[in-house]
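Think of it as A, B, C, D, E and F in the order they're written, each chain with its own count starting at 1.
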Amino acid sequence: MARPSGRAFDEMRDVEILPHVNKHAEGSCLIKFGDTHVLCLATAEERVPGWMKGTGTGWVTGEYGMLPRSTGSRMDREAAKGKQSGRTQEIQRLIGRALRSVVDFEKMGERQVRVDCDVLQADGGTRTAAITGGFVAMHLAFQHWVETGAMASVPINDTVSAVSCGIYEGAGVSDLDYDEDSTAETDANFVMTGSGGIVEIQGTAEKEPFSEEEFLKLLELAKKGCAELTAVQKEVLGL
Amino acid sequence: MARPSGRAFDEMRDVEILPHVNKHAEGSCLIKFGDTHVLCLATAEERVPGWMKGTGTGWVTGEYGMLPRSTGSRMDREAAKGKQSGRTQEIQRLIGRALRSVVDFEKMGERQVRVDCDVLQADGGTRTAAITGGFVAMHLAFQHWVETGAMASVPINDTVSAVSCGIYEGAGVSDLDYDEDSTAETDANFVMTGSGGIVEIQGTAEKEPFSEEEFLKLLELAKKGCAELTAVQKEVLGL
Amino acid sequence: MARPSGRAFDEMRDVEILPHVNKHAEGSCLIKFGDTHVLCLATAEERVPGWMKGTGTGWVTGEYGMLPRSTGSRMDREAAKGKQSGRTQEIQRLIGRALRSVVDFEKMGERQVRVDCDVLQADGGTRTAAITGGFVAMHLAFQHWVETGAMASVPINDTVSAVSCGIYEGAGVSDLDYDEDSTAETDANFVMTGSGGIVEIQGTAEKEPFSEEEFLKLLELAKKGCAELTAVQKEVLGL
Amino acid sequence: MARPSGRAFDEMRDVEILPHVNKHAEGSCLIKFGDTHVLCLATAEERVPGWMKGTGTGWVTGEYGMLPRSTGSRMDREAAKGKQSGRTQEIQRLIGRALRSVVDFEKMGERQVRVDCDVLQADGGTRTAAITGGFVAMHLAFQHWVETGAMASVPINDTVSAVSCGIYEGAGVSDLDYDEDSTAETDANFVMTGSGGIVEIQGTAEKEPFSEEEFLKLLELAKKGCAELTAVQKEVLGL
Amino acid sequence: MARPSGRAFDEMRDVEILPHVNKHAEGSCLIKFGDTHVLCLATAEERVPGWMKGTGTGWVTGEYGMLPRSTGSRMDREAAKGKQSGRTQEIQRLIGRALRSVVDFEKMGERQVRVDCDVLQADGGTRTAAITGGFVAMHLAFQHWVETGAMASVPINDTVSAVSCGIYEGAGVSDLDYDEDSTAETDANFVMTGSGGIVEIQGTAEKEPFSEEEFLKLLELAKKGCAELTAVQKEVLGL
Amino acid sequence: MARPSGRAFDEMRDVEILPHVNKHAEGSCLIKFGDTHVLCLATAEERVPGWMKGTGTGWVTGEYGMLPRSTGSRMDREAAKGKQSGRTQEIQRLIGRALRSVVDFEKMGERQVRVDCDVLQADGGTRTAAITGGFVAMHLAFQHWVETGAMASVPINDTVSAVSCGIYEGAGVSDLDYDEDSTAETDANFVMTGSGGIVEIQGTAEKEPFSEEEFLKLLELAKKGCAELTAVQKEVLGL
């Protein structure tokens, strides 16, 4: 068995993070996982949602969208359909939880960061690229506050990144692209911190149920993949 | 440390499944995980969604809702708000995937089963109760087709059930109730088949990231819990 | 002519009201008009709608829903369709008006009761069952406030109940079930107080216009039916 | 006691029906109940809703709207709010039922009439004016089909009109205007045919429950009022 | 070449403005451009949108709607469809900009005028009739404030009116009716003040691009047309 | 007076068109008008809208969106708000009309091109950039069909581009950026063909009405600007 892309089983696609790609956003990057390109724009705001007012603590949220023709066949625009799909909302919630897992809300004060992750081109793994790039954009937005004197240091405890792994033609492989993702027997997304903690695991049997053994194989691949992503994030951010 | 309910760490709540509770639905049950009560009504239909027409195969979907006052403080009615929350959609998608994992769509022919899981009273674990009860309602709907001669046998390969486990005050516990769920450090939902295969894992760090060791502890608890749920399902269904 | 159910012309279905069926709601009951089952959950809230603030008086509203498979053929979920049907809104408004007709808003103070009536199983007469059970749930919610010391006595002047009567195969019959309702020539809903006052009358000719004489026959049946419902309500509430 | 308008208890407002007020609609009239002005435009269409296709019979529907400033204080536009209120839907359903009660759908063939009733100026009784004027517009639309040879005769069995009566300061009065409507103790709408049959009764106690005796008084007033409306309709239509 | 209506190339349709046609609106008129009839109702309110509070200045907005059967074939009701079309929103925005161009917001104080323009019958040029009549309604609403002493004088600097001109069968014509509008090669709407200033130009090539020369021809026609409309406005308002 | 950017009155910003920037879209480009960046993705589809079926002719539509943080302060996501703003719809309609003005629908056959213009970064003039880039993307999509043999030649008669000009501090200037656009007295968008025909003019007085003379000045600037844009388009497309 060979992967369609010719990659080794535990080989990620080329990962590239281009920071400062937007003149308005306080933090921004364009992240590429191979042909998957996600624009991550973080907005730093001196206010919090109504239910947090007076708590003295901050908040971080993620939003997600796909351009209509980011995919192989064009999708209708969610704004035109008048609602976001269940999939979109599920991914937005995941991004928000992932980013919040490494933020110290006490240190933030009553401020919020909103991270928009918009997929310009999709080739599998858009949500994992969004989390990985979203972290960089969020970090840059905090740095902006540090530079303007709003806070003393970046209130982030750790890095966070994500990768999808799966069982493809019977074997565990790392960082599924679209060809693999659409035929994989099992697909699991792992969100992990730079220090190796697990933030979120979402594993789904697409056809047959999977075994504990298979699952542990995927977890191994994910640990390796996230470690590589962490290195790219740290280099871009100068950490 | 002790659980608020006084249960042992690996002790599920009392689980009760009352079948045939609705005169209209082809399959139905009321499932109780302690004080969590979910009404599961399965509708057997001689048609499939438009995109499946002519394929000769069937389909199963799940839908989920909570009565406004099923919870401690009343929620607004989703029908009145004009849309389903991201959480509702996420759970509906999970229920559908879980139920479909054990169905043989070829044997179904062009038919569909739609399983409505409505929470009458919530005390944590509504989605896992919905999957476990939804399976029973779906099975009964298939039996209805067998009895009316529409199909020779129930086109189901295995049973499927679900349980949530978590890290509560540092220890792994099984079948979280609301008191535990709202303060647990980590919460994971496991969907497993009767023969022990894993269909879905969703683990989330609510506060601190969790370790692989902790996660494996939860997986052990889930295997034990799902085995117990399987026994209840089989007894109700006479399998 | 005979009724499909074998009932006498002025005979109601068996009516059963099970109180305290929900651990969260301040007032609750499950009401059964034969095979029509409606879960009524009343929420007592220490606040009023914005337009009432500062008036010192209270408010009561009703909401209504049907589970998708409460009926013979499954209906789409209103939350999924993104709006409530005209029929749902019409019934909600009727329930609210009926319940408010017996409440003393001055004595309530600035509080509100919201009564959710959700149909678990439908066999005709869901709105009349909802009003009759909704009154019980509302009364129990007020009793809760009395027990907690929020008010000295239950601020209710009278009981209120409802019944549908119709012309079926030329004869007036009481408490239509689905078989009768779907073929009746005329269908009228009556909401009446325990002391015999009329709160609401809604009579509709489904086929031929009806005469004043026919209408008065239905009114007689309604008075008898509501008197019986009042007796059941009083027994359950210990009035 | 005297009515604000100085009318006698059983005196209707001046009723005027101006036919043929729109160059596009197959049937049209502007109806005035005093200062309540409703434009009724009937559209004759050679098609039926999907669920009626192939039945060989026709259908009639009513729609209702109020211009934002038809009322004393401006209401938001329903199109801008993105949904029709419960009140609007309730009235639309009532208009449709009323108009359908006098139509012979077999004779219509597979055609439909849609009657739009839009309130240009409101002063109480808009729904009863809409039904009364809507009947005239519908009749004219059928006459259009007769004139164009689509059908041999107008497939209408009877006329239909409507009036609201109420208990105002303790006395029964006919055709409530806004001043009366907003303070009446009881308000009832009656839809009746030209030959005296009752099509719909909707009576509501706005404050105290009402008695059977009071209700019968309103019914007497309604019969007199609808007889007068019938005479105006017949004169306009040349029947 | 001749115009379908027999009008000269630079001849407007008969324009009629009937003021004070609604008992509730502070300013109102019915404007007729031939068979195009638009009801313009202006509401004077002692409040401004949230974003203007505390500025001490006022605001004017326009809204637009068409009755479902104002046109040759019936359109669905926007309120029923749950949203306003792009065309409706575009016209509303245009009306608002046009009316605001002649108002002195400082002199208004924190008040707003909302002008509803509802098309009762359409025969081309509804937006230009709406602007022309909307100005009259707005002016009357300001006069109402002057009469009630809320302001010393009408805070309007100039009149504003609008006309559509087009290239029809190769020639420039003024005030297109529906027959011309639906086949014109080019259609342009001009909004102009009484003193000859240009407020808005919207020119669109419906088939072939048009030349600067053609455009200047339309501009000449528009100047003549708006001058005639200005005269009618001034006469109605007694300016 | 000097322009904030230091440009000459008739000087456009640097315009750059990068073609083939998306692996899925049949035609694509990223267009930059200075700091305004719009991604234009054209989808070539072998089908037409329902109302065109059987006509043998084709269709072209445009859609438009802005990323939430493409602007100086973040806007809410239209998909989350559940509807597209009036501005968005107005621009979409404009883009569609502009692109269609140069296409030969007969030669297209029953096919459609949908051009999505999404603003990645906004600095004024997004709609004119969208039209100019959208034309390039559309042309490339037609070339794709030519290359695959679906049609013999590109069914486009001319190029089309757009520029905004305005009166800024009393002087006419070309290609307004955000600083100018937000304070300009008058703002006009011109859509013109490569051969100099006018497709659309939209001129709006933001403060004072403008004169014919001022308008003609803007038209001169627009002709010069569109000629420069045409040259860039032709170079990119090799025309």
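Details
Here is the rule we go by: a residue touches a chain if its C-beta (ideal position, glycine included) is under 8 Å from a C-beta of that chain, and two chains touch if they have at least 3 such contacts.
Keep in mind that what you see is a predicted model, and the values were worked out from it rather than measured.
When the partners of chain C are compared with those of chain E, the chains appearing in both lists are D.
Centroid distances built from C-alpha atoms place C farthest away from chain F. The rotation relating chain A to chain E, fitted on Cα atoms, amounts to 120°, rounded to the nearest 5. Homomeric contact chain B/chain C is classed as same-residue, with over half of its interface positions used by both copies. Centre to centre, using the average C-alpha position, chain E and chain F are separated by 28 Å.
Centroids built from CA atoms put chain C at 51 Å from chain A. Across the assembly, chain B contributes 82-83 as residues in contact with two or more other chains. If you draw each protein chain as a dot and join the dots that touch, you get one closed loop, with every dot joined to exactly two others.
Across the complex, chain B meets chain A through its residues 83, 85-87, 89-90, 92-93, 97, 101, 158, 188, 192-193, 197-205, 208-212, 215, 219.
Of all residues in chain F, those touching chain A in their complex are 22-25, 28, 35, 39, 41-43, 45, 63, 65, 67-72, 74, 77-84, 88, 114, 116, 118, 120-123.
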